[in-house]
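Sharing a structure here in structure tokens format.
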Amino acid sequence: QDINVKLGVLNDRSGTYADLSGEGSAVATRMAVEDFGAAEKGMNVEVISADHQNKPDVGSNIARQWYDVDGVNAIVDVPTSSVALAVADITADANGVLLDSGAGSTSLTREQCQPTTVHWTYDTAALANGTGGAVTNAGGKKWFFLTADYAFGHSLEENTMAVVKDNGGEVVGNVRHPFPSQDFSSFLLQAQGSGADVIGLANAGGDTVNAIKQASEFGITQAGQSLAALLMFVTDVHSLGAETAQGLNLTEAFYWDQNDATRAWSARFEEQMGAKPTMVHAGAYSATMAYLAAVEELGSAEDGRAIVAKMREMDIDDPLFGKVTVRGDGRAIHDMYLFEVKKPDESEGEWDLYNQISTISGEDAFLPMLEECDFSKK
Amino acid sequence: MSNESLLTVKDLNGWYGESHVLHGIDFEVQRGEVVTLLGRNGAGKTSTLLGVMGILPRRTGSVRYIGRETIDMQPRQIARAGIAICPEERGIFSSLNVEENLMLPPRIADGGLSVERIFDLFPNLKERRRSQGTKLSGGEQQMLAIARILRTGAQLLLLDEPTEGLAPVIVQQIGRTIAALKNEGFTIVLVEQNFRFAASVADRHYIVEQGKVIDMIPNAELEANSEKLQTYLGV
Amino acid sequence: MSIVLEATGLTKEFKGFVAVKDVNLKVEEGTIHALIGPNGAGKTTCFNLLTKFLKPTRGRIVFEGRDITRMEPADIAKLGMVRSFQISAVFPDLSVLQNVRVALQRRRGESFDFWRSEKSLSQYDDIACGYIEEVGLTEFLHHRAAELSYGRKRALEIAATLALEPQMLLLDEPMAGMAQEDVERISALIRQVAKNRTILMVEHNLSVVADLSDKITVLARGEILAEGDYAAVSTAPEVIEAYIGAEYE
Amino acid sequence: MEKTAIDSTMATSAAQQAGMPRLHKVIFAMLLVFLVALPFLVYPVFAMKVMCFALFAAAFNLLLGFGGLLSFGHAAYFGGASYVAAHAAKVWGLTPELAVLCGTVAAGVLGLAIGFLAIRRQGIYFAMVTLAFAQMVYFFSLQAPFTGGEDGIQSVPRGDLFGLFSLEDNVALYFFVLAVTFAGILFLYRIVHSPFGQVLKAIRENEPRAISLGYNVTRYKLMVFVLSATFAGLAGALKSQVFQLSSLTDVHWAMSGEVVLMTLLGGMGTIFGPLVGAAIIVTMQNYLATFGAWVTVIQGVIFVIGVLLFREGIVGVISRWIKRPL
Amino acid sequence: MFELLGIPPQVLLGQLLLGLINGSFYAVLSLGLAVIFGLLNIINFAHGALYMAAAFVAWMLLEYLGIGYWPALILAPLIVGAFGVLLERTMLSRLYHLDHLYGLLLTFGLALIIQGLFRNYYGISGLPYQIPEALSGGRNLGFMFLPNYRAWVVVASILVCFGTWFMIEKTRLGAYLRAATENPTLVGAFGINVPLMIMLTYGFGVALAGFAGVLAAPIYSVNPNMGADLIIVVFAVVVIGGMGSIMGAILTGYMLGLIEGLTRVFYPEGSAVVIFVIMAIVLLIKPEGLFGRTA
């Protein structure tokens, strides 16, 4: 018998995160449906998408309507933590599934964990562990933080501070800038005056890009301080250009040029989107694949809790993320990678941007599970 | 005085939105004449002036100025042709000071009064030249509104109740000014409520009623027509 | 006769320019008192000071024995001293009837009743129509005030002012821009309403001044130049020079 | 000669005299019937959203269209009330009607405080003072602990009306929202057409003259400001109950802008304009959400066309066509 | 933690200089807005979008036509200004007889369209635009490192601002503009071509925004959202300066940059709201703005 599945890709399609998620995530999700061979397996999978404009009320309204009226079974992507948290609640109420790829907040699998949430790609703790740990260990002991003044920035800063201290570093200062900001020169000057080795950028998107651009203009890096962009996507690096971004350390869960599988998939993606995929796109793809597999095994997409439970049981070997397990709290555990941005003369194309420095195993990257969030025991 | 007709208005109709207020105004003005439009409140005198100036929202008919049809022209083209208006509500600009207000209308031809002469005529303005335009007293604003079109060199001046709110001394002065302007070859169409004043400066009077010109009385024949005037204007 | 309104040492300076200088004015109850003077003499400014639309730089104003020097303009009106404006002041988008009704509404004192229906206003219609009749605007009852010609707007303003039945009226050039026949009608109206109240009036139309006023104060350059009845004032040489002009007949 | 003018104005003012004109009664009745049927036709939550915004826009229009005061900071009352109501329901555990009442009162008080300072300013300066205070409210909401920063206050319980009737169900909640918003809008209508409204109109048209008639203009303006803020707050408080969420979006200046747009698009100074404007914009946001990246472009085109075709707002134009105030 | 108390004077000096640089952008932008508001009485909500568009035009000139920064500094504002003229002719001019709020609605719609189109074609994450060769690098002032380009920004903005101020305040044109705002009909009846004047003024105001956009391109990320939230701040600057005062807009622009700079040192979170606090205070104390005329 046929299994009907309806997936809703809900993300930012016009704001700051439109490039790193946006239409690309919908494309990636459709690719997953195709690659999974849903049609051949007797599954009718439909993918719809919508723009949540980074507003929790808009996002929750759409999510509600999708579940209540349109018969959506799972919601994919949902960047912007505040929206993701709202959607996670609604999803639990509706017994759907939230396959989150774009959001960074650790709360999704901790303070506000839900049995129907799967948090796939990254979170602020993983970023902190990746970049923070690596940079501190490489000798960047004194940190100064430039933090976007909102929940995401705070949590990224907090996670990274902890990692820095654990690794024997110290935090010599921080400054919280309004979100979004255009001009960072003043904050950079403060950072410069602090005598830090490393300036940690606990912000995202345009803020990070502007901060890096201006750091180079003000000769910060030339003067010996280094920058650590705690959340940066390949699209951001592309927009900065290798000239400006060279030497930056950053943590991602996925890079298009890692192996043959990622290259092949990314080439297909690029054909449709005109740009290489980000880890958020890849996460939307992989999470959907895993979800469909669980649905296939259960033979129905109706019961979200059951599907997520099934996903927890599966051993996932993903073409893009490698070995993945979904933990009891919904956190997907997989390797994270530390990259360094290539120098312009090393780069062989506009998207040839990263050198991989190290791999951080899933256990090291993500925070340990909270007892009360372990739904596999309930 | 030459006999060439400077302004000929024929069958001028005018509307404000839906309401039809001018119903075929006919009159003409010879070069160098002072002509008044008299009539009750709401008769359409102001509207007639606006119609000549092209400011009325919608108008039809014919308004010829020195032989040129202006009915399809923009107000600014009409102004460039040599007509200037001193509006009823005065139209002093609050964001300009007195001097800027005075200097605002561009010179469109030679033959306007010099600034010195204007200040001679209206000493108040000279004294308050740095004041914000709308801070002037009501009467001073009226003077300014008249003064500023004297500079431009326009040949035909449309004055809408220029003596309203002015002290008798100044009214007399304006009377003298009008006479002087007339001597210098300006042509003036005057709308007046102050009948006595009108009689002292004008050559001819047109009577406007309900959006039509219903009569014309030469100034010399006022006495003889006092009964008519009584019915037309109540004076 | 008692003094209704008294100003002592009234002075107003605008950034160094003295518009009204040390004016002492007494208005007697039940009279029509005219304030005349050349343009820019400070008449309107005086009005603004008396009705508190401007704050005096110096001086004291007493109305019916009460010191009103520090009051707000709206309160002055509530005390019974109402002014009209030199440049016509009506509510353009309200009908003639509504214009007058707004004034009546204030008189009846119900003001913040946002929960009440508009119907409660129709009780004023009769009184309002009475005043409108008096100024000859009955045929325009339902016209928007904006559509009236200038002179009729003035008439409407007077009707609304009268509707407040004030103790004292301050009229700033009530005749300006009026056709001759209206001048006569409004003159008659003013004389009629003056019977049981006091009027202070600015007017440039000398025949009206001569006709109506019991007492005249002549202001020039912010100071009082002359005071007295028309015959006295109009023959004073300094008044003729500053205001009336030699050619006035 | 003045026939036409007399006729048209006679018609309008004659209509104004007899309390609520027939036309308006009919429209309100039809609207009510439509709204009662609505939750069975479209998704109730969406319908509730439309109603909340319609009330918000109507409250705003009271100030702009009838008070002649452009506030550019109405999000402060809308969002402020939404936070208070959400907090009251979630943390204090109040029943929905009490939570909404708390939010509404809070908005009124906030309106009184801000209005007191702003009301003496004119025109665009007034708008900017209100904006300035609204931005401070935003900043406060961003920094204060109880508002939850970016995340807002989430998972607000819907609770039981009067502690008796559960509003968990969308349709049940819908009728609660319908009752409140409809009553709110009727009340706003009454305010506009009250003697107070008449004075307000006079003040808007000629302030010095109103003063000279003895009206304490400042107090009237403050009054209408507070009323408007209060009803905006009512709308915001309801919204927090509907979405079970209250967030920074509601206090952001873009929200203040949105309500201006709704009012203008529908036609300011008309009774029904804000309702139409709100319905259009909310519907647009809702249904365009699936258009992906083109949303903003389409939205922009609609605004541009809307302004060019319906210059006085949609209802404003219709009202001119049929020569009746709407 | 970072010690705020003992901020050394050099650091403060550095921050003030940075503030001045940022103020340069505010000054040029608010000047353009003030010119438009002053004449058309329209809050040009598309100002930020047009600022952004000019940055993109500069990028396109380089990318597609190989035209570098210096020509772009003239060309891009001209192109954007011409576009502004087109908008004015085809759309804004139809709204003048209406409440000016409708102009706001229209320009808001235009801003959405412009931003949306750029977003669709160029994505959100922005495009690189390099600092021109001649201005790369910088000099050490002792208390801070000043990039040459930033120094140029200050110089360029001062030149443009005061040039504009001179043109508007010291020539007849300015009086025409101000008068036409109050009563266009009457000014037209004096023989002045008001529609033409309005059109050119709008174009000029937009070109100023464009100029700021090109100035910004090398230091800020060239992305479709770069001007999105700007309008509200820039308009606040115009209001604080006093509406209708060109000089007010300019000086307040620089001043705001300075104040914002200081806030960034002492209370960084508040740097986005400080302008509104100042605006509220200024308007409550001096309702017509710092340099405004009383009505």
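As written, the chain order gives the labels A, B, C, D and E, with residue 1 at the start of each chain.
Everything below uses one rule, namely that a contact is a pair of C-beta atoms (placed from the backbone, for glycine too) under 8 Å apart; a residue touches a chain by one contact, two chains touch by 3 or more.
Model, not experiment: these values are computed from the prediction.
Minimum number of contact steps separating chain D from chain E: 1. Ranking C-D and B-E by contacting C-beta pairs places C-D first.
Annotation: 29 Å between the Cα-based centres of chain B and chain C. Separation between the centroids of chain A and chain D, computed from CA atoms only, is 38 Å. Chain B and chain D have centres, each the mean of its CA atoms, that are 49 Å apart. Centre-to-centre separation between chain A and chain B, using Cα means, comes to 76 Å.
Multi-chain contact residues, meaning those touching two or more other chains, occur in chain B at positions 19. Chain contacts: chain E has residues 116, 119, 269, 272-273, 295 touching two or more partner chains. Among the residues of chain D, those in touch with two or more other chains are 5, 293, 295-296. The touching residues of chain B, counted against chain E in their complex, run 53-55, 74-80, 84-85, 87, 91, 93-96, 100-101, 103-106, 108, 132, 152.
On the chain D side of its complex with chain C, the touching residues are 5-6, 9-10, 13-14, 16-19, 187, 190-191, 193-199, 201-202, 205-206, 208-217, 219-220, 223, 227.
Residues 1-2, 11, 14-15, 18-19, 21-22, 116, 119, 123-128, 130-131, 138, 144-145, 147, 149-150, 219-221, 223, 225-226, 229, 261, 264-265, 268-269, 271-273 of chain E touch chain A in their complex. Contact residues of chain E toward chain B in the complex are 172, 175-176, 178-179, 181-183, 185-194, 244, 293-295. Interface residues of chain A, counted against chain D in their complex, comprise 13-14, 18, 22-23, 26, 48-52, 55-58, 60-62, 64-65, 68-69, 81-82, 85-86, 89, 149-152, 154.
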